[in-house]
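Have a look at these structures, which come just after this line.
First chain A sits with chain B, and in the next complex the same chain sits with chain C.
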Partner chain A sequence: MKLLRRLGYAAFVLAALAAGQAIQSAEPNFNHNLRPFPVAGEVGTEVAARTFTAQVQLVRCAAALRIGDTILDTQGVWIVAKLRVGARFKPTSIAYAAARDGAGRVYQTTDRVTLNLVTGGHVMQPGLPYEGEIAIEVPTAAAGSLTLLLADNSIDQRMDSMAEIRLPISDGAACSAEPTTLLAPKALS
Partner chain B sequence: MRGPDSLGRGWWRRNVWGLIALLPALALMLAAAGYSDLEFWQRGRPAAVLPATDGVADFAGVRVRVAELAPATDLKRSGGRPLALPENVTAWRVVLDVEGPADPEQVPYCEISVEDTAGNLYGDQPLELSLVSAPLGNCKPDNSPVPAASGRHQTVALFVTPRGVDIAAVRVSFGTVDQTRYVRFDRS
Partner chain C sequence: MLADVSVTGQGGLSRSVTRGLLDQATPGLRWAVAVVLLGVSGLFGGLDSVPDPQPETLTAGTPVYGGPWEVTVEGAVVQRVLGKLRLEKETNRWLVLTATVRITAHESSILPSDLLTLDGVTGLTSPTPADAALDRDKSRLRLLQPNMPERVLFIWEQSGDAPVPSSITVSVKQRTYREDSLSSAWYWMDSDTGGDVTPAGIVTVPVRADLAAPSASPSPSAGSTPSPGPRPTASPKTAGRTPSAGPTP
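Right after this comes the complex of A and B.
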């Protein structure tokens, strides 16, 4: 009887350990726990992240960018988004901009063109918004399922809000074949 | 779980006080964990140091006072031409009197910002004034617009706000000396 009871205790301890292991493996991983807080929005509406506001005013796609006399082509397509952005309560810049496709792949803004508006150097004061265009180079097949991601930290976006705005491009194959130009950042004040 | 003890008490009866004590212990544990997080969060926010009644703050090894806080209407570009600001933008000038060590190297760098009546903060050297020729407002004597005699000098910082916004306070932080506090000059 005593041996049976001890076996019962051992079985109980093993069951508790197994349950703990099952719970631990069922939990989201560390990076998932620390993921950014998404603030979702649509084109034409203002999204208020913790330190900045952002509105995608227009989206288009094209096979090439025209920067002065230079034509930048691509094996995919260029996604061009016109943004209106502003600081909320302290001097702020947007330092991270990317597009995530339906499969979860993330494409950052191009470094083939200077995009001051979203690379951290453009510090905005509260109440004094700016607008301008940014460009992201993506595979043609991904163009129809993109969400624009904006954050104020270029290195670490975890545990802070991130603007997520769905980009309404239906078909990457239908993008304009003509090169398109980019609107430089300008103050709206 | 054993059966009844020699007094005939079952498991629940034997452990009733322990079970009751579990509830306040659990509450205390949660409160302690929450307090720890709250305290950590509050420590992350710099605390304000106020100046003395004469308006002078003795902090970070220097004595600082606000000599001027007013809209700046006479800003000029590098070439001397007047700078025209957009209609709905107001530029502000903050001038600080700084008294510190005679050796300029010993005067700590400062960062100046202004706070409006809604609590919004505005930074020095805004993009809107990038064409203005102005010294860096960092509390160092090298940038003083007046001769730094006897360890006294001035530092000037420029800001922009939307028109109609009123400034409530000037903040001066000396991050190389103290990152947990800043001097706050409320506008009288």
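Right after this comes the complex of A and C.
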């Protein structure tokens, strides 16, 4: 009887340890707790984040970018999105733009081209929106499952609102083989 | 009666005898046994200090997984002229290492300046590269995208007084995804063991010397010529000095 009781104690301790381990591994880590607050939208509709508004007007993809006389190729495809963005209540800028694929990989806008519209280069005044295009390099296989992410902080996007707009590209393999150009940002009156 | 003795009586006797012996032996015998065991362990190397395990030395072309990146060192060349880059001293030379880098982390990354460290070469003006450029268009390296391998030129400047190496040993830095003790957030960080961090891998690569007079036709790959000038821009602000995108319709 005594042996059985001891075995019972040991089994109880092991079960408690296993339950604790299961709870710890099941709960999301601290990064999950600090994640941005998503504000979701679709192409053609305006999304209102905490400090700015954003609307994706058009999306296309191509094998290369043409910037003046320069051709920028890629081993994947270029995703080009035409945006209309504006400040909500006070002067602000969009300093972070990226695309997240279905596997959770995040591709920031290219730094091979200067993109002031989404790298903090344009401080927007409320009521004076900007329009322009941005470019993101992604693997061809990822092009069909992308969501555009926009935030106003380039360093840390945690625990702040982030615009999330699904990009309707069905197949990266069907992107244009011809180089595409980028529209420069322009203030709309 | 016999059954009672065999099941309970003998076991109880055995336990009593064992407990009695232990009670008599302790604490002196316990210490003696511990010291003897330690001594025997020491005879067989149990007390020897163990050096950190070193990764095996690999040959060029072998991928090295370093946590948030995978680096495949491909080749190295020494040359005097490299596009528009200017040497600190005219008698110096460039040491260009070509490697393919794939970001294995889930988001875009900027490589640390000490991603690669070199052994077997003297006279470097800095232990970290003077510059790094994409091989595809020779633009200056900044951001790499996840799962999109890029061929990168890592460029060091070597004193002209130092000998040209015939081969170099390249150590690839590694990071681990771990919890930050201050913020509790998880990041790719250097090891928290302190001191020198064991590299993810060590690669030995031969060095080709291309010290002939500058020619009009640059050689490809490791001998190519980066030109880290201004980037093309989609902003009208700098359109005057670089090609710019068209106006918004």
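Just so we're on the same page, the second predicted complex is superposed on the first by the 163 of 189 C-alpha atoms of A that agree within 3 Å, B and C clash if a C-alpha of one lies under 4 Å from a C-alpha of the other, contacts with A are read in each partner's own complex, and residues count from 1 in each chain.
As a working rule, a residue touches a chain if its C-beta (ideal position, glycine included) is under 8 Å from a C-beta of that chain, and two chains touch if they have at least 3 such contacts.
Note that this is a predicted model, so its numbers are computed, not measured.
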| item | value |
| --- | --- |
| Fit or clash between chain C and chain B when superposed on chain A | fit |
| First (chain B), second (chain C), both or neither touched by A:Ser189 | first |
| Touching partner for A:Leu72 - first (chain B), second (chain C), both, neither | second |
| More chain A residues in contact [chain B versus chain C] | C |
| Contacts of A:Phe89 with chain B and chain C, given as first, second, both or neither | first |
| Contacts of A:Thr181 with chain B and chain C, given as first, second, both or neither | second |
| Partner chain in contact with A:Asp111 - chain B first, chain C second, else both or neither | second |
| Touching partner for A:Met124 - first (chain B), second (chain C), both, neither | first |
| Which of chain B and chain C A:Ala15 touches, first, second, both or neither | neither |
| After fitting on chain A: smallest Cα gap, chain B-chain C, Å | 10 |
| Chain B and chain C footprints on chain A, overlapping residues | none |
| List of chain A residues in touch with chain B within their complex | 89-91, 122-128, 187, 189 |
| Chain C partner contacts - residues on chain A that touch it in the complex | 29-31, 34, 67-70, 72-76, 98, 103-108, 110-117, 121, 131-135, 137-139, 142, 181-186 |
| Partner chain A, residues of chain C touching it in the complex | 106-108, 134, 136-137, 139, 142-143, 145-150, 179, 183-186, 231-239, 242-249 |
| Footprint of chain A on chain B - complex, ascending | 86, 88-89, 113, 116, 119-123, 126-128, 159-162, 165 |
